[in-house]
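Sharing a structure with you now.
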Amino acid sequence: MINLAIFGTGRIGTVHALNAAANPEANVKYLVDPVRSNHMTELAKKTAAIEADVDTVFADADVHGIVISSSTDSHADLLVQAARAGKAVFCEKPISLDFATTISTVESLEQSGIRCMMGFQRRYDPDFRTLKERLSNGTAGHIEHILMISRDPFPPPISYIKRSGGMFLDQSIHDLDMARYLLGEEIKTVYAVGNCLEDAAIGDAGDIDTAMITLTSISGRFVQISNSRRSAFGLEQRVEVVCSKEVLSIGNRLHSLLTIADHQGLTSSSPENYFIDRFAWSYKAEMQAFVELIETGTPALTNIRDGLEAQRLAVAALESMHTGKIVELER
Amino acid sequence: MINLAIFGTGRIGTVHALNAAANPEANVKYLVDPVRSNHMTELAKKTAAIEADVDTVFADADVHGIVISSSTDSHADLLVQAARAGKAVFCEKPISLDFATTISTVESLEQSGIRCMMGFQRRYDPDFRTLKERLSNGTAGHIEHILMISRDPFPPPISYIKRSGGMFLDQSIHDLDMARYLLGEEIKTVYAVGNCLEDAAIGDAGDIDTAMITLTSISGRFVQISNSRRSAFGLEQRVEVVCSKEVLSIGNRLHSLLTIADHQGLTSSSPENYFIDRFAWSYKAEMQAFVELIETGTPALTNIRDGLEAQRLAVAALESMHTGKIVELER
Amino acid sequence: MINLAIFGTGRIGTVHALNAAANPEANVKYLVDPVRSNHMTELAKKTAAIEADVDTVFADADVHGIVISSSTDSHADLLVQAARAGKAVFCEKPISLDFATTISTVESLEQSGIRCMMGFQRRYDPDFRTLKERLSNGTAGHIEHILMISRDPFPPPISYIKRSGGMFLDQSIHDLDMARYLLGEEIKTVYAVGNCLEDAAIGDAGDIDTAMITLTSISGRFVQISNSRRSAFGLEQRVEVVCSKEVLSIGNRLHSLLTIADHQGLTSSSPENYFIDRFAWSYKAEMQAFVELIETGTPALTNIRDGLEAQRLAVAALESMHTGKIVELER
Amino acid sequence: MINLAIFGTGRIGTVHALNAAANPEANVKYLVDPVRSNHMTELAKKTAAIEADVDTVFADADVHGIVISSSTDSHADLLVQAARAGKAVFCEKPISLDFATTISTVESLEQSGIRCMMGFQRRYDPDFRTLKERLSNGTAGHIEHILMISRDPFPPPISYIKRSGGMFLDQSIHDLDMARYLLGEEIKTVYAVGNCLEDAAIGDAGDIDTAMITLTSISGRFVQISNSRRSAFGLEQRVEVVCSKEVLSIGNRLHSLLTIADHQGLTSSSPENYFIDRFAWSYKAEMQAFVELIETGTPALTNIRDGLEAQRLAVAALESMHTGKIVELER
């Protein structure tokens, strides 16, 4: 049985705690959150976990792995402590809002040799896994270009926007990670434009709500990303991979199979709007992968360097938007 | 050059006249309609045709074929005259509202040996042709059962209802023909129910607006037909052929590729509502087939007996509905 | 906390046991199965239940409800015992393969006044619930006719076929129940045809694998049901409700959002083939409804009489097929 | 009756000649092509036109308009002659491969005051017209960003590539025109990348086969264009307009309504692959618009300046690709 400690009992920490508790190979030993709440106590009861503080977790030799789903500003420090304590880590993105800290943290972790994975849950979505397999086995031919469309149904609260690190680091990072993952190679140039077109309050908070990113890979293939903080349709999460023999696409997940037809047309449902629901299966599979990583060393679909590289692209996108120039990545 | 005479200059006669005129192998020599009209004169000008009466047509040895798209009560008589005059015929359904007349007319025609085809235009729809080919070449395996859905967008005028011969003979007959055509064998039993659920005036006129028909073929396979004089969606024309290796379907033809998405859902267009538009290509192909039938004897996809057999099924459906019993066809 | 006993630890009994255990208001006190197995012991451990015999359950005053998912021949007897013991029941269909026994059992239950519901899980499917709501609130206008298509991906084993009570009682019964539910009124006539077109072994076992059923309701509206034990596409579960103002449809649930396009066309995924997965949410909602029925008396979407009435239609369908006549139901 | 002369009897010239001949308000008086051919003679017969040379056309005061669908290198000169002769012009893109010539030609035309329109036929596609209307009437809210996907089914012959002016001027120009048209404002910056990923022979000819373009409009809205000379799926012609209240999309036009389902999935048809078929209706509407422009002065959906502005964007895209920089357009 793998003993885990979950840091953070917010929205995503709750998902991880429940998935870990439901996993037959895992045990949620500790829940840690600087802010104690009724919700936390309730969650501790449901998962048969102990409410503890950080030191208790790292002092307990029986804890095999930690899940970092606490606030972003705590990630780097917890990662370093985990490295020192020799505990496996699962970490939500981003590693740090400060890219230099991200780099030094990743270097520490890699030197420590601990097992770790990043919370890019989309890689664990069953459709994205099937897509990746078809790309890998050659059926589709070679990739020529990729289109990605990720739109949120509604913008997050301004308070969230302010501490999010900005749209590229908060939202686009998932697409940037997916671009590297699907292409199977690194990116050479980044071009990004963005604007605040939907909600003036986002602009007042110094952020954008609409972004278009173009990536060129080292071998000369292309990725176009279209991001938006709000879609009139709902949570859009689509990808189209144009290959020499096939065009592979993943569409939106609709919340219902019911269609309504009248003389105006045929109306099918809007998407499942809550990302926690949309990716429910992915979060379960991610936890299972973390358990297997700890138990058997089976590599996860992500590692800590994927967090660094996706952030490198997000940082480049921000620079491109601010300078109005194409950013060439040095390697 | 094939010289044709078109009987009837109404909606469908106009379509045939224009298609014949546009066909490089055909010439519209005469237009015949007991009711002269500006429309007829206009049509004669467009098609470079002469406005004539029935006798002129049959007395002209240069007329190779006649197209019967006049009112239903004239069909049988024109067919018999064509048989006597040795002219090829293309005839719109039904042959006669009186089934005994239909039988004797078909017998006369078959004895005369003239070339003839029925106006079941759906057989000439490109998608139905592809469907039939796939069924014939064995790719799909053998047919197990067929579902057919045919709904009109709006009921016809009551005046039309009254002289139509009733819903089975006017509307269902196309599905009954298609059932025989796709199955490639004859029908053994017919069960039908019907009701007036949409428009009380149709009931007052002694007709129904909703009908469900079940056919059993001689070899024991099934067809379910769902008909309605009005659909809230529009002109629905669908078929689903369930085979041992594949399920083949033809959906509605939409009038637009534009979709509109918002938080209510994603709305695609309603169908092309006018059957003349929906089957525009079929009518052209039908005329081409008639020309080839006359020129080279190439059999059309329909012959006059198909008109008889489809009507036999429509008559059986009416009997089943009235008696509340399954009708077994004698052969 | 509601204490439950689960009878039967097969495929569906396992689903109910796990759903009950996961329900915060329920407790699985006993598992009962005449055949003890490792699977049962494992399930008892997972659900913290006691492996017990029938008498223990009925003797325990702390058991509030029983779930009957044991073999069909045990249903009626367990229902009667539950009635005597005053325990609420959830019963899988059918009540008994013998219709007279079904009738007498339902009468006993209704006299006893115990709370009970039938396992017609499709009523709890979220899309069918939305459909029913839209029909009830009048937005769609009034129902004119309904088409239902239910096809299994693969036929069940012949051993299952032999004790299933036949295709109408085993498979069509779900559509027959749904027909009554959606129409909101009773059925007046039943017409059914069936054949063994897919698998000769099913015919040898005295059953059919393809069935077409037509229902006429008391008010003169229609239902067409198309059933098959095997579809080349997979598990098809569709319905189309043709109303005066709207046409409402529920399509198949596909197992993937990935599409693959090449010059042959665009291929989307086949359906989720396992009914336990397809209706996973329904089974959870059903268990929740049973808990609420016991706790608060909130009526479930089904009661024991729905089991009787659906079976009445299945029996009539069988009679219609065997006699070649329309069966009129007496009321 | 409007008398027209058609320059060029190739693929697109033939379409225009036939559409003009079928138009009840128009008469094809002359066909002009430096290379006489059997096809031209045949076409002259079908359209009742005279095979003539350039001078005859411009000397004939009865010619009201000319259609320029000859080889690109002849466009500018014919336009200037039309301006001098005071004849209305319909001109296929591009005006000239040399942008300076394009600019001076457009200036000449505008000074001459003759009526003219450009052959951007996509503006006349019925779905794009409906889209534009919905954008104009405010139902959809304001545009935030636009995605355009245009892919050819197969690359053109290398001989065509060599005299095409390159991918941006030959293919992307239609999307660049559509971007301006839908946005209803001019473009401020252009970023483009391209590569030869599909067919090395295209690269050897100095051209690319894959291009990604990003446009920023003066008011700060975005357009992403994805172009390719070959798609494994076929002729893809899609657009998605993300507005504040709605997301509007136009999908591919499929060549068939037949779908084929088996355990591998459900396969619908590939697109209509020949652009002449895909836009058949547009070409007819375009010719009708030209006739109305001449007859009544009703402005067409395009004018000669649209040809200039679209080319300006194509030239900027080429510069951006070659320099690796964002090109800012001066105005």
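The first chain written gets the first letter, and so on, giving A, B, C and D; residue counts start at 1 in each chain.
The rule we apply is simple: a residue touches a chain if its C-beta (ideal position, glycine included) is under 8 Å from a C-beta of that chain, and two chains touch if they have at least 3 such contacts.
Given the structure is predicted, the values throughout are model-derived calculations rather than measurements.
Participant: Can you name the chain that lies farthest from subunit B, using the mean of each chain's Cα atoms as its centre?
Facilitator: A
Participant: Looking at chain pairs A-D and A-C, which one is connected by more C-beta pairs in contact?
Facilitator: A-D
Participant: Return the distance between the CA-based centres of subunit A and subunit B, expressed in whole Å.
Facilitator: Their C-alpha centroids are separated by 58 Å.
Participant: What is the distance, in whole Å, between the centres of subunit A and subunit D, each centre taken as the mean of its C-alpha atoms?
Facilitator: Centre separation, subunit A to subunit D: 42 Å.
Participant: Cα centroid separation between subunit A and subunit C, in whole Å?
Facilitator: 40
Participant: Pull out every residue in subunit C that's touching 2 or more other chains.
Facilitator: Correct list: 232-233, 245-247, 260-262.
Participant: For subunit D, which residues are in contact with subunit A within the complex?
Facilitator: Going by the criterion above, the answer is residues 141, 144-145, 147, 149, 151, 189, 191, 193, 195, 197-198, 210, 212, 214, 216, 220-222, 224, 226, 228, 231-233, 242-247, 324-326.
Participant: Contact residues on subunit C for subunit A in the complex?
Facilitator: 126-127, 130-131, 134, 140, 245-253, 256-262
Participant: Tell me, which parts of subunit A touch subunit B in their complex?
Facilitator: Per the stated touch rule, the residues are 153, 232-234, 260-270.
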